[in-house]
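Take a look at these structures.
In the two complexes below, subunit A is the common chain; its partner is subunit B in one and subunit C in the other.
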Partner chain A sequence: MFDLAASYEMFLGILGVLPETLLIAITILVLSTLLGVVLALIQQYKIPVLVQLTKLFKLFLRGTPMVVFLYLMYYALPAIGQFIVTLLGIDYNMNNMSPLVILIVTVSLTLSAFQSEIIRGSFLAVDPGQIEAAQSLGYSFSQTFTRIVAPQAFVHAIPDFANSFTVAIKATSLGFLITVIDIFAQAKIMAAQNFRFVEAFMMVALIYWGIGILITKFSDRYENDVRIK
Partner chain B sequence: MTLETGMQELLMEFLKTLPINIIIIILSAALGLLFAVLLTFVRLKRIPVISQLADLYVSFARSVPGLILLFIAYFGIPKVLPLIGLGTYDISPMHAAIISMGFYHSGYISEVFRPAYLAVEKSQHEAADSLGYTPMQKFFRIILPQMVPVALPGYGNALVYLIHDTSLIFAIGIVDIMGTAELSIARSYGTNQILIYFIIALMFSAMCFTTDGLVRKLEKRVAIR
Partner chain C sequence: MKKKSILVAASVLGLSLLTACNSTDNKSQAESTGDSGVRTIKVATGHTSKPLSWVDENDEVTGYEPELIKELDKVLEDYEFELFGVEDSAGETGVATGKYDMLAGGLGFTEERAEQYIIPSESSGRALIKIYVAEDSGIEGIQDLVGKKISPLSPAGATYKTVKDWEEENPEFKLEYDLADVGIPIADRLKEVATGKYDALFYPSSYGQIEIIEDQKLPVVGLDPVKIIPTFFMIHKSEENEELKQAIDEGLKELAEAGVLSELSTEFYAEDVFQYD
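Moving on to the complex of A and B:
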């Protein structure tokens, strides 16, 4: 039945891949936030063509599961990359694109739609009176933005950003489908070695759970620290 | 075989396996709803030990990827069954999928129902109590009608996520539309994968937008005027 010693060994083995997984998740979070800012700006200033494209993209993501999107990208991204590369006249074979890149691009694109909504929402949540007060004190536009609006919007966004980070970590578990090894794929590999599937998946579930709890705790504490009381 | 007839055959094949997806979605949604109602009830009533366990369960279900719950159900249930004296049965992948997806879904919607219940004003409870409503009457006639409009948008979202998550069930060997896609790609030596996954994306979109539309219609009907 449930073998504790084997579980412990697996726990350590899976933990060894954790830093890599976290690194992937952080990369995804950063990229998707940058892209989210761009999408939010496009939607805020209603830039012709681009705003329709953004809407179409969001509609696509609403209806398509991430696995399907991942497979689509897995087969389409090298072709697209090759097309761009030949267009630029660079001699480079895109077909040996690493699956890790594909995973990061896919999840970042998916998350960017959420991030743009979070960013838009948190900027809209800043009291307009704050901006008026800053203007009446003679702050320039960029000063108002960096000293008044952005810090307040950031505080609003913390819980949602923490949530996005959890989503990013959970999404990397799909990586095993395209041969990226994260903690889930590691668990699957270790399980296949000695057929202790239940132990391996319980251990990796425990790790995911622990990370989830830690992220919530940290973000709550950080939010408490930076919120103006 | 020309490409066009090949495409048609492929589409027919997908449509043939689509019911499997739909059955799993409906059954796990039903199971999830049932369990979520129970979970929410327990969490709101603050029954010592059991409430804490329910809280723990919700935090677990929300922080673990659906894929893992799927695997735990598939490999774990046959090991747990003998412990409660049910003998050794292998669990069919379909059952494992329904159970794990249902439980995954329940953790999510319990977090939709709880705030919806808490959003009903306290004075409504007091008014119902002062008019001599029994707890059952109070819940079904006063509280529930006010909860539904608050909970529906979140519930609709949860259903869409459930549909997204059921795209993972091919990982435990169910031949649903994703499984069919893998098989047909293997059969055709890895040609036109992009087209195949694009068709699948459209199929999932159709399911999601139908659900979205239905929930929206319901929202309009129950809106408090």
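Moving on to the complex of A and C:
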């Protein structure tokens, strides 16, 4: 019942949308990391009011399954957007909001909660002696942060960032609910044409494994290169 | 000590999971070759496709297809049917691999399915693909949809195929639509038509649209079916299931003649889907 020729064809077909999937995942990773840094800094320096808001935001995001959040955003995001453009006096129908935007915003927000924890952890992992040494040498606050803390924290965060990247890749598969086509959606579309679901799912699993292995290998090697031995 | 007991607990759990996977397979084989003469058939059906098939508040599988299976159970003495509410693609995969013996998902006949499954000769129902439009849209048929916004289609299922076939037969009309997974509820899809986000929605009529439109007072109408598709149960391909196919055929014939199919249709779909034949 396993058709090799059909599988091969599917493998190629699914591979065709891989670049787009990776691009979406990279966008999500970058956006969630940026937001994560902001959240981590707020918590690190205990900025009043914002720190309570951040905690609430993270509590909400970490407790909401991504698919539930995506449903909510599918209805809420165009409505929020409409509210904002109406306030600004712009005549634009938010019903036309791209589903890709909705997907990227949803996953980036969710992932940012996790990213901020990773970033906070890696900041804390930097030896306090390093900061004291920098201060004794007359480094300013921003110099200490950009030249001493951030580069070392980044090395600590690499393996977790690689994890987050795989999470982002897998999360894009939820986008098919709202018409975004990633590798898993492509597998479903191809399977629906000849009803070979087992082959399609096997092939897409192979591709997920391949990407997972590549990301792990790459991040391991990169971490080894930049870590001071 | 504590570590040891955790290890033991974990391995027991792991083993029981492994044997659970195996035992279900063994059980169905044992039952199917049992001497009692009554064979238990595992039937997969949708779990959220009201009124086609869904799991109700008492965890019971019900709907047009499950109730039809229950009627078959009464008519066919040599068989007992056990229903499982599962995700659509899990059902199709499960029947292909033999995890389930039969799938009651309101599926139409295709060459590809005929290759993968045994398909009974008697159909179990009708899938009507209808176009839902706003009352004042002036859209009367599929040819009026050129240049209109069409609600996303699911690649699985007969709707997409119907639209694609129509496009192939009528290349002078070009329709524009996106593909999307099943997931956004039909009630919301209908609302999107009512609010004008989309101009038209292609959908099988078997998802309780008549009830939803009445309940929520949506200014949406369903046009006459663009396609009438007889639906069939899908049976796992194996030698012993040839007998099951014949039994199903006889049972369905009997129920159709007695008017049970039309009754179930009126009960669950608020219309007799056989009237368009």
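Some notes on this structure:
The rule is short, and it goes like this: the second predicted complex is superposed on the first by the 229 of 229 C-alpha atoms of A that agree within 3 Å, B and C clash if a C-alpha of one lies under 4 Å from a C-alpha of the other, contacts with A are read in each partner's own complex, and residues count from 1 in each chain.
Here is the rule we go by: a residue touches a chain if its C-beta (ideal position, glycine included) is under 8 Å from a C-beta of that chain, and two chains touch if they have at least 3 such contacts.
Values in this document were obtained by computation on a predicted structure and should not be read as measured data.
Taken together in the superposed arrangement on subunit A, subunit B and subunit C clash. With both structures placed on the common chain, the touch criterion links A:Ala79 to subunit B but leaves subunit C unconnected. Of the two partners, subunit B and subunit C, it is B that touches more residues of subunit A. By the document's definition of touching, neither partner reaches A:Leu12: not subunit B, not subunit C. Within the superposed three-chain model, A:Asn95 lies in touch with subunit C and out of touch with subunit B [touch as defined at top]. Shared-chain residue A:Gly212: touches subunit B; no touch with subunit C. Once the two complexes are laid over each other on the shared chain, residue contacts for A:Thr64 go to subunit B alone; subunit C is not touched.
Once the two complexes are laid over each other on the shared chain, residue contacts for A:Ile181 go to subunit C alone; subunit B is not touched. In the superposition on chain A, contact is made by A:Asn194 with subunit C only, not with subunit B. By the document's definition of touching, neither partner reaches A:Leu53: not subunit B, not subunit C. Only one of the stretches 135-143, 153-161 or 207-215 in subunit B has C-alpha atoms clashing with subunit C after the fit on chain A, and that stretch is 135-143. Residues 1, 75, 177, 188, 197-198, 201 of subunit A are contacted both by subunit B in one complex and by subunit C in the other. The part of subunit A that touches subunit B in the complex is made up of residues 1-2, 60, 62-69, 71-72, 75-76, 79, 166, 170-171, 173-174, 177, 184, 188, 197-198, 201-202, 204-205, 208-209, 211-213.
Within the complex formed with subunit A, the residues of subunit B that make contact are 59-60, 62-65, 67-69, 71-72, 75-76, 79, 83, 160, 163-168, 171, 178, 181, 193-194, 197-198, 200-201, 204-206, 208-209, 212. Residues of subunit A touching subunit C in their complex: 1, 74-75, 95, 99, 176-179, 181, 185, 188-189, 191-198, 201. On subunit C, the positions that touch subunit A within their shared complex are 89, 92-93, 96-97, 110, 112-113, 116, 152, 155-157, 160, 178-181, 183-184, 188, 195-197, 237.
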